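Both complexes below contain subunit A, partnered by subunit B and then by subunit C.
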Partner chain A sequence: MSCSEEKNMIEFIVTFLLVFVALLFAGFHRKLLARLHNRTGPPVIQPFYDTLKLFSKKKENYENPIFNAVPYVSIIASFAILFIVSSALVGESFDFDYNFIVLGYLFILLDTFYIFGAVASRSPFAIHSGVRELLLMLGYKTTFLMVMSLFFAKTGVVSLGTYSIEFGFLQVPFASILLVLVGFAVMKVTPFDVVNAETEISAGLFAEYYGDHLALLKITEFIKDLSFGLVAGLLLFGKIWALPAAFGFVIFYTLMEATSPRYCTFKAVKVFIIVAILAFIDLFLLV
Partner chain B sequence: MHRTMFPIGPQHPSLKEPIFLKLYVEGTVIEKAEFDLGYAHRGVEEKMENKEIDTTLHAVQRTCGICSQCHSLAFLNAVEPMGQIRIPKRVALQRMVIAELERIHSHMLWSGVMMHEMGLETLFMYYMREREKILDVFDELTGNRVHHSADLIGTMKMNFSEEDIEMISKTFDSMKDKLEDYRRSVEGHDVIRDRCIGKGKITRADAVKYGLVGPVARASGISYDVRVNAPYLGYQFVKVNPVVRTEGDVHARTLVRLDETFESMRIVEEACSKIPKSKVPKYPVKRIFHGQGAGRVEAPRGENFHFVKIDMAKTKRVKIRTPTVANLVMYPKVLQGADITDAPVIVMSMDPCISCMERVAVIKKGKTEVWSSHELFRGKKHD
Partner chain C sequence: MTIKKSPWVSFYNAGGCNGCTLEFLACTNPKFDITRFGIEVKASAKHADVLVVTGIVNKHNRKRIINIYEQMAEPKRVVAVGACAITGGIYRGSQAHAGPLDNVIPVTVYVPGCPPRPETIIKAILEALDDKNTKQGKKD
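This part shows the complex of A and B:
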């Protein structure tokens, strides 16, 4: 086996290991949140049990093809994100110039798929959740793209794999703060979890999904959260610290979730529009 | 804009009991709200007919899981005057202590659930942890945590000892600082203020027009409290300061309940210091054969009313009007014009107790039917 093949194999293995890490992080988040709530909470491997149980449920297809297709295209998009992230950390097969822009668009695409699925389900809860996601996306997704561009423009690096700056947050402090703010919406934690507001819109975007479809969507969400944590860790702390930083982000966002109630939708949207304007000003000043 | 029906219930994460709220929304604004009941109808009143009075008392205490003692007291307030039974001071104060402890745990449960509605699960769990201490006190005092079954006609099943009173005092001492911290969090937190201030506003005029009761009315500036306006039991011996606010919004209703928790603690402490050394009378105090009467008490959610008719030492009819019946009629008005985001918070701010409210549901091909008192009494309608 040649050196590049070996590298590709390692990258492939790391990508699939990261799926398990994503589920473990989700389990840790639930456990930590439960301890902060003064509850015992589920075991850390509970997401594995949940996913397996969902896969074992009776399979029954809904008549709408878009509704049925969304879980599959979402999982493909999430794996594409994970391949780019893992190749930035341990390999080079997906490390091409300006891959961070593709990564940003994949994040947008993933949420767009969710909205398609929600609208196709025709559930009022899912549709309302989709509208909320769409409104929030205007603020936080554009900010995410601009903040990534800021990092790469200020450091002169052209791809995630070649980003070798340690403690980048010291060089780009303002964009780092904006990136952490964006994390609230990406990871859907309070006060910006309006898309998943259980007491208002029940199960939100996934209200009508069940069984294997729901399992795929849950895995997609776990992968998305971990990928964001790894990207933010890479940009803020450097390649070596990416995974510990992602773990740190889980702790940070869990603490925030435990101590803050939920904003109403329009307040959350307002905050992210302000964040987007700040990111735009920062980018404009750089240009 | 397209109008859609947004269903909340009968099963929904924001509801603890089944009620079907139909919210007709345009965009995210509620244009019209309706509600359907009948999902938790248990036929409580029918179960009480033609039963021994003691058996009825047993059933009455199980009308509600939160305010068991208040139902018991309303029933006894209706029944005991029929037999000219005079309640000794000890019994009156002991009954009042249990009723006030019930108010504390009910308000703490509500506060926790309100935080859950706004996504602050931590405070929900903290409130539930403190509430557990009150349930432990019930366990020590009466032997039961939820349905206390402490009362008998004219007397009670137990005498509170010095140790019991000391235990109550110690429990309050362990709770007060934490509850004050939680209150400060609720009152001062920017997001909570943003979610509550100006939302679900009920004016004083509307509160009078719709006949609202309890903390909902008091948050709209109506200083009406049965404990003050028509003192019963130990409330004749202890001063009650009703908590009244004038804002009429969700925030005011929250603060009224939080402040009432502290007021109830003060009342319990004062009542405990006034309990005489004498023992409660032996049971049975006196038999009751005939009569009819009404009793009302201030339950945690507002005025609780019982009408009781006794014939041949058996209850022929018991009619219960819980505070939720009075407050529920406000839902369509208070939800109209609100944002869908605020709907669960507004609904919960009225503190609905659906299971103890559900009485008669007559649904027949979409037509409204009127039952006479005779038909209600018989439990069926003649065609």
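This part shows the complex of A and C:
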């Protein structure tokens, strides 16, 4: 086996290990949230039990093909994200120039799939949640793309794999703050979790999904959260600190979730439009 | 086995005095904490494995209960909480009463009381997950 083949093999192994890490992080998030509420909470491996249970549920086919296809295309998109992130950390097979832009678009694509699924389900709760997601996306997804561009423009690096700057937040402090703010919407944490506000709009985007479809969507969400944490960790603290930083982000966002109320949709959208304008001004000043 | 480790519960309040509803909601607070058993309260019946029903089944919501039950994916369980759900309680014989819950949907576990204690409700949900307590389990 040649050196590049070995590297590719390691990269694939790391990618699949990261799926388990994503589920463990989700379990840790639930445990920590419970402890902050002074509850015992579920075991850390609870997301594994949940996923296994959902796969074992009896499945009935829904007649809408878009509704049925969304979980599968979402999991493919999430694995594409994870491959880009893991190749940035340990390998090079998915490391190409300006791959951070592709990564940003994949994040957008993932949420767009969710909206398609929500609309195809015809559930009023899911459609309502889809509209909320669409409104929020205007602000936070554009900010996410602009902030990543800012990091790479200011440091002169062209891909995630070649980004070897440690403690990048010292060089790009303003964009770092914006990136952490974007994390609230990506990870759907209060005060910006208007999309899956379970007390208001049932189960939000996934209201009509169940069984293996729901399991795939849950795994997609876990992978998305971990990938965002790893990317933010890589940009803010450097390659070596990416995983500990992702863990730190889980703790930070859980603390915020346990201690803050939810904004109304209008206010959440307004905040992210302001954030997008600030990111645009920062990008404009750089140019 | 998997349903035992991760039971997701959906809750339906059919009416009545809301005493049982408050006792069920107390199960989620830090004192009783049902999440320690992996139980999650889900807003969508499609996600649920266990349906907890409180209150009197009446002519207005009878079809709604059947609809909720039919939306749940197999394997599914039903827990009837309180005297109203089991027999009609103090509303039994009233013009709105549409009979006990087990006349409408199959019930796995009954929790008597007016209202029952949160510990009893938690115990009932866990009992409902045991295959021995279901009709299918008894046949096996």
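Keep this in mind: the second predicted complex is superposed on the first by the 287 of 287 C-alpha atoms of A that agree within 3 Å, B and C clash if a C-alpha of one lies under 4 Å from a C-alpha of the other, contacts with A are read in each partner's own complex, and residues count from 1 in each chain.
One rule holds in what follows: a contact is a pair of C-beta atoms (placed from the backbone, for glycine too) under 8 Å apart; a residue touches a chain by one contact, two chains touch by 3 or more.
These numbers come from a predicted model, not from an experiment.
Undergrad: For the combined arrangement obtained by superposing on subunit A, do subunit B and subunit C clash, or do they fit?
TA: Once subunit A is superposed (C-alpha atoms), there is a clash between subunit B and subunit C.
Undergrad: Just to be sure I read the superposition right, which of the two partners does A:N38 touch: subunit B = first, subunit C = second, or both, or neither?
TA: It touches subunit B and subunit C both.
Undergrad: Identify the partner contact of A:T259: answer first if only subunit B is touched, second if only subunit C is, both if each is, neither if none is.
TA: First partner only.
Undergrad: In the superposed arrangement, which partner chain does A:E60 touch: subunit B (first), subunit C (second), both, or neither?
TA: Only subunit C is touched by A:E60; subunit B is not.
Undergrad: Is A:S202 touching anything from subunit B or subunit C once the two structures are fitted on A? First, second, both or neither.
TA: A:S202: touches subunit B and subunit C.
Undergrad: Is A:K267 in contact with subunit B, with subunit C, with both, or with neither (first, second, both, neither)?
TA: The answer is first: A:K267 touches subunit B but not subunit C.
Undergrad: For A:Q171 in the superposed arrangement: first (subunit B), second (subunit C), both or neither?
TA: Touch partners of A:Q171: none, neither subunit B nor subunit C.
Undergrad: Once both complexes are aligned on A, which of 39-47, 111-119, 291-299 or 327-335 in subunit B overlaps with subunit C?
TA: 39-47
Undergrad: Identify the overlap between the subunit B-contacting and the subunit C-contacting residues of subunit A.
TA: Residues common to the subunit A contacts of subunit C and of subunit B are 37-39, 198-199, 202, listed in rising order.
Undergrad: Per the contact definition, I'd like the list of subunit B residues that touch subunit A in the complex.
TA: Going through subunit B, the ones touching subunit A are 4-7, 12-14, 28, 115-122, 124-126, 129, 189, 191-192, 194-195, 339-344.
Undergrad: What residues on subunit C touch subunit A, complex-wise?
TA: Checking each residue of subunit C against subunit A gives 2-3, 5-6, 8, 30, 33, 35-38, 40, 42-44, 46-47, 49, 73-75.
Undergrad: Which bits of subunit A are touching subunit B when the two form their complex?
TA: 33, 36-39, 124, 128, 131, 190-191, 193-194, 197-200, 202, 258-267
Undergrad: Please output the residues of subunit A touching subunit C within their complex, sorted ascending.
TA: 30, 34, 37-43, 46, 49-50, 52-53, 56-60, 125, 198-199, 202-203, 206-211, 214
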